[in-house]
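Heads up, the next two complexes both have chain A, just with different partners, chain B and then chain C.
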Partner chain A sequence: MFLHSFKYSFKSLIRNKTLLFWSLLFTILLGTCFKIAFSGITESTENLTVIKVAVLYEAENPPFEELMTTLSSGEDKLLEIKEATGEQALEMLGDGELAAIIDVGSEGKISLRTSSSSAVSSSNIQISIVQNIIEQYNAKAAILEQIGREDPLALPAAVQAVAEDVSGLFTEEKLSDGNMDVYIQYFFNLIAMSIIMSISFGTTVALGIQGNLSPLAARRCISPTRKSVSALGGLCAAIVSGFLISCVNILFVRFVLDVDLGKRLPMYFVTAFAGTVMAVCIGYVIGSAGNLSENSKDAIATMFSTLGGFLSGLMILDMRMIIAEKAPIIHMINPLSIMFDSFYSLSMYDDWSRYIRSIVSMLIISALCFAAGSIMTRRQKYASL
Partner chain B sequence: MQAFKTYFKIAGKHMFSIIAYVAISLFIMTMQSSIGTDYAETRLRIAVRDLDGSAASSRLVEYIDENHKIKEVDFEDGDMLFDNLYYRQVQYIITVNEGFSEGLAAGKTEGLFTVSKIDDSFAAQLFESQLQSIVTSAEALTAAGTDPESAVQRAVEAALEGIEVESVAEQTPDSQKSYVYFTLFGYTSVAILVVAIGIVLAVMLDSKVVHRTFASSYSPTRYIVSVFAASGVLAAATWLLLMGVTAVKTDGVLFTASTTPKALVNSILYLIISTEIAVLVAFVSKSVMTAHIAGNVIGMGMAFLCGVFVPMDLLGDKVLAFSRFLPAFWYEYANDMIFSMGDVPYSSVKFAQCLAMEGLFIVLLFSAILLVSRSKQSNKEV
Partner chain C sequence: MLEIKNLSWTAPDGRKIINDVSLNIPNKKLIVITGPNGSGKTTTINCLLSLLTYDRGDIEIFGKKMTPNAYDIKKDIGVVMQNVAVFDELNVYENIDYFCGLYITDKKLRRKLVDEAIEFVGLEDFRKFYPKKLSGGLLRRLNIACGIAHRPKLIIFDEPTVAVDPQSRNKILEGIQRLNKEGATIIYTSHYMEEVEQICTRIAIMDKGKSVAMGTTDELKKLISVTETIKIEIEPLTDGEMNELKALPHISEAVCEDGHLNIKCSGGKHNLIRIMDFLQKKDKAMGRVFSEQPSLNDIFLEITGKELRDDQ
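Moving on, here comes the complex of A and B:
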């Protein structure tokens, strides 16, 4: 009887074409949006690019001119200096063609004009760098001036020290060989979100065995099949359906969108399986609780997944870390955070302990939800159907 | 009128779900606005460990603290350290190695620091160049006979001498507060309306209900118009709620800022677009769950591509060229101009162009709804 229930539940689930279509389309469309939006964003937010500036000299300053020439020449040049008069430079600044105007005044005074009006403007990064260049130049000039004033004989040694290369100052210690691109998190969250959508399959199964909520369930209730067998068959079918969709989504993200998910791709499917079991069991609890209509239970399920996605950083990256710090319990029990964590640990860590912890957490949540759902639906009797 | 009334009876029956979803959207909105958007923050978050413990190294750590934000982390917990770096909670991890002071005095600067960083990041390059400058200056001073502690002290003092930076852009900080809310409206309006309208229309567009209605004297056109009108009222209520929250959360700036009228007009046009998207999604999806998934795809897709979650000036030119075909792009573009937040200065012609484009999307979406409803009627589904 279990196999019978499994077979027909599976058929029924995969024939729900609208849900199937949107579940697949969610990852495909949103993943494509992410891919388009985030291609090259790391360069514009984190990596250095050539900075366009205009330098306006009120008085001659040969050392600074030399510095500007050095920084604006060669293949790895940091600055691109635009030739312009004062008015032209201001106009270019207003149009966003320049990051800043460097004013070299009399008595060596150097100041900066910017048009960055936005706290989120990428040009702020560039302005900081230009500002830093000038401050460093001023600092070194001031130090040499002080030494020249205090002990002129020591000046040659000081000048030599300033000219010396200090590139060996830093020894780098790599913490991980994983993909450090912060925007890959969006894809982890997207896969987790596509897995959690199996919640709707769990809800459908629960609604299908409650006689007071749908005519199909009413017919099932009066059949001789035990409710537990019917539910178990339905849940297994839901898990298989959800897992298949998740697998397609993972393969799409990895091979079609060409997102680097690390070297342990097969383990993503293990997470997808455990995650689908968890999602279906959560859906089973939501579907079993109370006498709310199908639409209301669907709405609760959607709220659950939306909120979970938000708290796990689907919409804003920092959110995950903020929740982990400020509300660690929510972070620990949020199914999407748990799934995200397993993908993250697979991608970043060689060590398995964190991954195993995530899988165990998913299985515990699944067991608790299954038990709660079973308790709520068992031995329900209806006076009239 | 009967269909109109029924619409709200159904909405009332599902009020719990609608309110809960609105509450979640408001929570998301409030949380995001409180986080702010500090993509380009220039004070870096640095994790520092001083193994040298000398006066010179302590002064250097003080300098880092004065110039940046030092974040306390457990250097013994490798996982936590990496998590902090990966999530950019710290942008640079540095250990001042033992022997820093002696190395400086002896002119041996190799390996003074052990660091972990995001390779090629501006933060790493900026911070390293600052430290290099301090060490170079301190080296010059020690070469001239100054002791390491005083050398670092004087190098730090010289480095802290800032320069004059003048911003030529006009900007009122108060308006920034409401900017965040208006920007997020680009996502929340779609997200709320797709679910709220989807819940009601899932019942009203159920084929059995529609067949029974159309079998009565109630004309299909009146039915559709009533559904539209009621959806419009629901959308207007949502708009009032979101604007009310914006007014409260921005301490009433909404009532006084000169940018408000333009921002409100822009948001009303976008509200109409969101309502049409919600109705269209309800027509093509058959349940709340599918409406939700579709709403998420459309709402979040547009939000990511059109500058709601990621500022428009960080998106590439190709992305923006594509985004022009989405209504949220014109809404966000107009917003950026109104609040002087993007790279493009405000121009009344460009603003009018944005509104015209939103108007065009309103017409297109309305046509799409009519087309879908006609095709459903002809297929006898509706």
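Moving on, here comes the complex of A and C:
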């Protein structure tokens, strides 16, 4: 009887065009849009690493000039030095064409001028880098001066050493072998969203065994098949259908959209399975709870997935961090955030602990929801049909 | 076979929908439960199937008390719902197989029963069709096949012919009679009187949550006052002639208007001969003459009244 229920629940879920649209086609379309939209942005973010500055000399300063030449040459140059007079430089700074102006004083003192309106975070980071270079230089200027006085021939080598020392502070170091592109997070959210869509599958199963909500469910209730057997067959079918759809979505993102998901791709499927179980169980509890109509319960399930997606940053990437900071409990129990964390930790961290924590959280939520749904379904007595 | 004793059910809003209903349905009989909209027919069925928890009363089916967990009783009951209850995503064969599978685990037997059910409702040419591709009549027939495929001993049809064309309706009614002849006990709810007359052997009339009458058509006819209606095309009668006519035995009502004389008789025999004799003596020229026995519709309207129910 379980297999019979499973077989036909699976057929009916996998052929449900509305459910398929939202869980499969919608994800594919949105993923394609993300890919088109973010490919251009990713290229432009890579160009931001070169910091544009102007250097104004009151007096000659060969060691500093040498440092600037070193930092502004080569393929991986850190600085781009714009030729400008004092007034031109100020104008360019005001227009945001420069991150900062470096003033080289007559007594060898180096200082930095920045625009008061440079509130953009990327600009702040650039200013911090230049500030750090200057502080490093000023700190070592005395040493260079002393070398220049005592052994002028050794000065070029000393300057080179200081330049490498200073520029070496800002070489790119990856935390892991994963994709560090910030926009990959949208794809993590997208996959999580496609998995959470299985909520509708769980809701459909729960609605299908409540005789007061549809004639179809009533027909099941009057049969000699136990509700628990029908429910279990339906839930397993929902999990298998949801998981298969999630797998297709992951494979689409990885191989069709060519998004680098890191080296641990098989573990994404483990997350997809745990996430589908969680989503189906949440759907089951929504479908079983209260005496609301079929449409109301469907609406709640849809609202739950959409709100979860919003809070985990599907629409606004920073939202996830805002929620994590301002409402950590919501962040902790938001199924989409949990799935996001698991994908993020797979991609970014070598350590497994955060990933395992996410999987365990999903399984705990699944168990709680399944238990609650089963209790509510068993106790239901219909006041009206 | 089936016994309902003093069944009462109150809606969540406090309205008493069924009030002390008792029914006794013998084995292998076909009984029609009829009544106006909102009379409690479907609610009675839902209580009978343990879909609703009733306030008071007892329901026994096959000699056992019916409860939500009485699976041994449920396996011998088939239900055809008022609303079509099939999966849009499964084709005709799959739908019937699914519902039959809730009762029958043996695959070989099930395949045979599903094929028989398809043949019974005449859907052989539509086995692979999805419900959305079926017409209203075919959909109703699929709905019936899903309810009867497992060969139940008791079949409940809850208004199965709503919004069905006359051809499909006829096919459905013939099928129901065939099931009864093959040995199934049938409970059929409807408020289409012509349908009821076509198939019934016994009728229960419900009104305002109560069972107000039960019996065969002939037994029910005895419960009403008008036993014969006579219509005669005739030239106008004077007031004096009308008074004389009304004074004849067993005439309860007589009206003459627009060249027609309408007379209602209560009981008595040979009423038509007596009236014709009276009119001939008055030397009245007559046209066509009609004499009608009360229809089930007349019985129904007299027992339940003529006021509209949907407005209540």
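By our rule, the second predicted complex is superposed on the first by the 248 of 385 C-alpha atoms of A that agree within 3 Å, B and C clash if a C-alpha of one lies under 4 Å from a C-alpha of the other, contacts with A are read in each partner's own complex, and residues count from 1 in each chain.
The rule is short, and it goes like this: a contact is a pair of C-beta atoms (placed from the backbone, for glycine too) under 8 Å apart; a residue touches a chain by one contact, two chains touch by 3 or more.
These numbers were taken from a predicted model, which means no experiment stands behind them.
Colleague: For A:214 in the superposed arrangement: first (chain B), second (chain C), both or neither?
Modeller: Only chain C; A:214 stays clear of chain B.
Colleague: Is A:1 touching anything from chain B or chain C once the two structures are fitted on A? First, second, both or neither.
Modeller: It touches chain C, and chain B stays clear.
Colleague: Does the superposition put A:50 against chain B (first), chain C (second), both, or neither?
Modeller: neither
Colleague: Quick one: is A:321 in contact with chain B, with chain C, with both, or with neither? Answer first, second, both or neither.
Modeller: first
Colleague: Looking at the overlay, does A:371 come into contact with chain B only (first), chain C only (second), both, or neither?
Modeller: neither
Colleague: Just chain B (first), just chain C (second), both, or neither: which does A:157 touch?
Modeller: first
Colleague: Could you figure out whether chain B or chain C reaches more residues of chain A?
Modeller: Comparing touch counts on chain A for chain B and chain C gives B.
Colleague: Pick out the shared contact residues on chain A: the ones touching chain B in one complex and chain C in the other.
Modeller: Comparing the two interfaces on chain A, one with chain B and one with chain C, no residues are shared.
Colleague: Show me the residue ranges of chain A that touch chain B in the complex, using the header's touch definition.
Modeller: Listed in rising order, the residues of chain A that touch chain B are 18-19, 22-23, 25-26, 29-30, 33-34, 36-41, 44-48, 90, 93-96, 110-125, 127-129, 131-136, 138-140, 142-144, 146-147, 150-151, 154-155, 157-162, 164, 166, 168-176, 180, 182, 197, 200, 203, 293-296, 298-303, 306-307, 310, 314-322, 348-349, 351, 354.
Colleague: What does chain B use to touch chain A in their complex?
Modeller: Going through chain B, the ones touching chain A are 14, 16-18, 20-21, 24, 27-28, 31-32, 35-42, 78-79, 81-83, 85-89, 93, 107, 109-123, 125-126, 128-133, 135-137, 139-145, 154-155, 158-159, 161-171, 176, 187, 191, 195, 199, 202-203, 285-290, 292-294, 296-297, 300-301, 303-305, 309-311, 313-316, 318-319, 322, 340-345.
Colleague: Under the definition above, what is the set of chain A residues touching chain C in their complex?
Modeller: 1, 4, 8, 11-13, 15-16, 211-212, 214-216, 218-226, 381-385
Colleague: Give the list of chain C residues in touch with chain A in this complex.
Modeller: Listed in rising order, the residues of chain C that touch chain A are 11-12, 42-43, 46, 49-53, 68, 71-72, 74-75, 77, 79, 81-87, 89-90, 94, 97-99, 101-103, 105, 146-147.
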